[in-house]
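Naming follows writing order (A, B, C, D and E), and every chain is counted from residue 1.
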Amino acid sequence: MTNEEIKEYISTLAPAATFDETGEWLNILVEPTALKPLMSALRTGKMQMNYLFCLTCVDFKTHLTMVYHLSATTHRQSIVIKANLNRDAPVIETVCDIWRTAEFLEREVFEMFGVNFTNHPDLRKLILEDDFKGFPLRKDFEDPINMIKL
Amino acid sequence: MGAISLIALLIAAIAFSAGGILVGKILVKGSKNPQKGQAYECGIPTDSSPWHQFNVGYYLFALLFLIFDVELVFLYPWAVVVKKVGMVALIEIIVFIFILFMGFLYAHKKGALKWS
Amino acid sequence: MYNQTEILKDTSELGADGELVINMGPQHPATHGVLHLVVTLNGETIKKIEPHLGYIHRSIEKMCESLTYRQFIYVTSRMDYLSSHINNLGCALLVEKGMAIEVPDRAKYVRVILSELTRIASHELWLGAMAMDLGAFTPFFYAFREREMITDIMEDTCGARLTMNYIVPGGLMYDIHPDFQKKVKAFITQFKSKVTEYEDLVTNNVIFQSRTKGVGILTAEDAISYGCTGPVARASGVSCDIRKLYPYEVYDKVEFDEVLETAGDSFARYIVRVKEMNQSIRIIEQLIDNIPEGDFVGKTKNVLKLPKGEFYTRVETARGEFGVFVVSEGGTTPHRIKFRSPGFSNLSALNHIAAGSKIGDLMASMGTLDLVIPDIDR
Amino acid sequence: MFLKEYIADVVNGVSSLLKGMRKTGYYFVHPKEIITEQYPDNRATLLMSERFKGEVVMPHDAQNEHACTGCTACELACPNGTIKVVTKFEVSPEGKKKKAIDALVYRLELCTMCNLCVVACPSDAIKMAPNFEHSVFDRTKLTKVLNQPGSKIREGIE
Amino acid sequence: MFSLEGITTSVQDWLFMKFNPTMALAMECVIVILLAISLFAILGLVLVLMERKVAAHIQIRLGPNRVGPGGMFQTVADTLKLIMKEGLVPDMADKFLFNLAPFVVMMVGMLLLAPIAFAKNFQIWDINIGVLYISSVSSLSVIGILMAGWASNNKYSLLGAMRSGAQIVSYELSAGFAVLTIVVLTGSLQISEIVKAQENGWWIFKGHIPAIIAFVLYIIAVTAETNRAPFDLAEAESELTAGFHTEYSGMRFALFFLAEYINIFIVCAIGATLFFGGWMPLHIGNWAAFNHIMDYIPSSVWFMGKTFFLIFLIMWFRWTFPRLRVDQLLNLEWKYLLPISLFNLLLVAIIAILGWHF
């Protein structure tokens, strides 16, 4: 499928999506509420995006952006789905019922960025201690004891 | 020496073990530390005691063993005399082992030998 | 005498069927590092495995945000320390891609040869450690003898045995050692003559086979869903070799097979790795005599600045697909960097493949997933 | 047939085990294959690769002169803040003020041996040395001053 | 030429000549105690060193080579270290059983020494049901292990002890059947009789097929019974850290460690006695000259040589094979070894009755 076809296809699924083709792959920015249905459709629909190879979050100081790198083992086309989240109360629906690898990746994002994944079966801290305060990978995180400023 | 040697050997065992532990006790001045008393579980404090009912898998083998071990003890006197008694002993033991083997096959069929 | 002992506790307070929760790790001989698994057992049967991570989490991603594009490469050596060279390569490729830096052919060839040597070294270590997990101590030493030759080659050329730090954006830090080709060839002969030992001691051993065959089965569908890559996924029949799918450096010029097995059990994962070592040897043999003369490093600017945007590269490490995702704001340091580590995804499949099997099977499943803890914790 | 398979199972199993035993037995009776290096004893003959990145050193020549100008390129190149260059102003006999190093502080415990400082150095004043026996009882001893006391910058290096 | 032959009788005669019978018996007991203790100590040191050297050479290493010439005193140093270590007892342990367990294990090892013929006429107690005695006493060792595992109040220990319980009792059966094979051929349970029956040929040669099968079964079974790799599930390092002795430290651990090696020695000594003729020299048919030369080698050397050969075999197994899984281990016993043992017993009975053995 060409990028145009993908754009068209996704526009039918998520009309509010915006596209960005400057990078290596097609970037699709969607509303957080529209993410889950779009993801389900991408997995089960004609795109057959069965391989989520990277799931992460980026802190842009004004907002958080969830980044999902999707690919398919059949036609090997990759797309990037993004969703901007409110920095103060980031909430997004989980995708770990679609790709099971997301379970751990979302737990990591949860503790590092404080993004709440609704309907996640087991949203606990995976890496940090349970009583850890703060979200280390956010830009405003300060730890005067363990962080050495060069 | 007769059976008294067993007592001597028992004394030897106790003396050896107790001697070793006592020498250690005398030589070593241990330090107190609450962590030393903890059970080892890869550095994580244990949360529950292992003393509770345990999976039956292990016990089945113990039960089976009991049956077979008793039969084995019966075989010892037979084994001593088998050469003298001759064919009769052989036939007897074939019958005996056949019955035993049937029991074994039954246990096998019942799945008692399969680890659950 | 027994008043301190409650001989049998009421089982009701311990969960159904006398379940036993046991901590494996962080100080456990089989977890090779500080992986902490909370295992729920029923007798000998595993009901659930829950990994607890973070014992050596250093937040490399955060560290990299304050390092320049020249510096951040070397931090990644310490993630998957067994494929440190390939990690470095992945980062360097990203910088080269982002800034369109031309890399001389000589550097490309050497990078690939060293990558494959690293892969063999990693698999050798894994083979020994995995056999040791299953109770066979001796193959460990045989595997290490061959691995030692590779580390010697690395020491000669890169100056380090484990964390190579040999790659700079644009090429190599310095030229290869004059003895490099000779030593690599000596290693290939040695490896080929000794590889039958693993067959005698491990592969064909009836105990080893019965310990691994049919144990920890991961279907192709699950492997994709769990994001497994590398030998773990290839043992399930998922074609996922980055070297074949998205060739980087000179992988499109060499002939090699992507090793695929279909069984998806521990034995298949074992076989895939052993065959992969042979394929790596094949790649090295094709390249070692053809290293072109020329510069070992391309021209780069003094200060590297990635243009604003998002970049993603992936390389095939010994454990699978290693991805580097960089969000650049145009400065000298990345705004956000994310390492997609193969071990993290492979670990997430552990509960799935080991639940319902015995404790002994856990060693086989965990061993063949080839977990390197710094790679998971990052 | 069941019995045939059963016997074949036993035979195959035993023969695979014997093969393994033959291999280990071979090594048991061939002590020449032993690869142990008697490390502290063979220190004299131990061959370290000259490229081995063990620690950063600053070579001094016979006149106790080094090539470091104190440009802090290494300090900037270092990812971990391992190197700290302390500069001073030296007054040459002609009365000209010249920047020179007072101390090049190197903290081995922070070093990742990435070689970036050596690459960055414009005057080849520092290099990696193949020393690997770094253990000390006190970690403050790992903080080293690389320039020798009383050393000077070599003539003609800017 | 030094031999232990006849020493026992001469010592006994001398004692009874000098002292009254009670006194003499007491003196004898003291001698036995001292001998047994020193044998234990020496065996422990030698076997541990041997294990480490065998392992090292198989693994293309040198092994211990720093303490003493060729590392000979390494195990002495290790023992000293273990003595100097504090013996910790977990707070939650059943302290009585925890302390008792190493004693039980040691007692079993010690009691098994009684019927072993170390050389011609050198036997502590030539009990007339020697083989049965060995079978019964050796099965007690599982109690010590279960005790240790249970009392530690540690999950690994308990799992290890449970495994070991299931394992040892299972393999006792095929060990017993293997021993029975020789009893059938000999017609006696007495160790001295069994040895004497092999005067002109060891059972492994004389009893041909069934004896060889029995020997293989015996070696496998005793490897399992002594918790050695590939059957070391009770202390499977990669699974249960150290199994039943996880919580033991210092001298108590040393006793378990020692008991393991003593047990190996004893089962190998019994194996050597049953299948390789104990202290009997190698005699081949009617080669009189050859037999005569063989007779010059002292009987104690013959005995020790055979025993250490078997010990080496067991060590060789350990450093070659991976560990079995617990269900496979029990499968091996109940699906392979036991049926084969039963069949072999019938075979040997036929051979013994028809006199087909040599």
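Simple rule for what comes next: a residue touches a chain if its C-beta (ideal position, glycine included) is under 8 Å from a C-beta of that chain, and two chains touch if they have at least 3 such contacts.
All of these numbers come straight from a predicted model, not from anything done at the bench.
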Separation of chain C from chain B in steps, with touching chains one step apart | 1
Using the touch definition up top, find the fewest steps from chain B to chain D.
-> 2
Quickly list, by label, the chains bordering both chain B and chain E.
-> C
Please identify which chain has its centre, taken as the mean of its CA atoms, farthest from the centre of chain A.
-> E
Which chain's mean C-alpha position is nearest the mean C-alpha position of the whole protein set?
-> C
When the centre of a chain is set as the mean of its C-alpha atoms, what distance in Å lies between chain D and chain E?
-> 50
Interchain centroid distance [CA atoms averaged], chain A/chain B, Å = 58
Euclidean distance of C-alpha centroids - chain A vs chain D, Å = 41
Starting from the mean Cα coordinates of chain C and chain D, work out the distance between those two points in Å.
-> 24
What are the residues of chain E that contact at least two other chains?
-> 58-61, 155-156, 163, 241, 319-321, 326-327
Flagged in chain D as touching 2+ other chains are 17, 20, 23-24, 35
Among all residues of chain A, those touching at least two other chains are 150
Partner chain C, residues of chain B touching it in the complex | 41-44, 46-58, 115-116
Would you mind writing out the residues of chain A in touch with chain C in their complex?
-> 22-25, 27, 50-54, 56, 58-59, 67, 69, 73, 76, 80, 99-101, 103-105, 108, 126-129, 136-137, 141, 149-150
Complex contact set, residues of chain E against chain B = 25, 28-30, 32-34, 36-37, 40-41, 82-93, 102-103, 106-107, 109-111, 113-114, 124-125, 129, 131-132, 135, 139, 150, 152-158, 162-163, 165-166, 169-170, 172-173, 176-177, 180, 183-185, 187-189, 241, 246-247, 250-252, 254-255, 326-327, 330-331, 334-335, 338-339, 342, 345-346, 349-350, 352-353
Chain D residues within the chain C interface of the complex = 12-13, 16-17, 19-20, 22-24, 35, 48-49, 51-53, 77-79, 112-116, 119, 128
List of chain B residues in touch with chain E within their complex = 1-18, 20-21, 23-25, 27-28, 30-31, 36-42, 46, 49-51, 54, 57-58, 61-62, 64-65, 68-69, 72-73, 75-76, 79-84, 86-87, 89-90, 93-94, 97, 100-101, 104, 108, 113-115
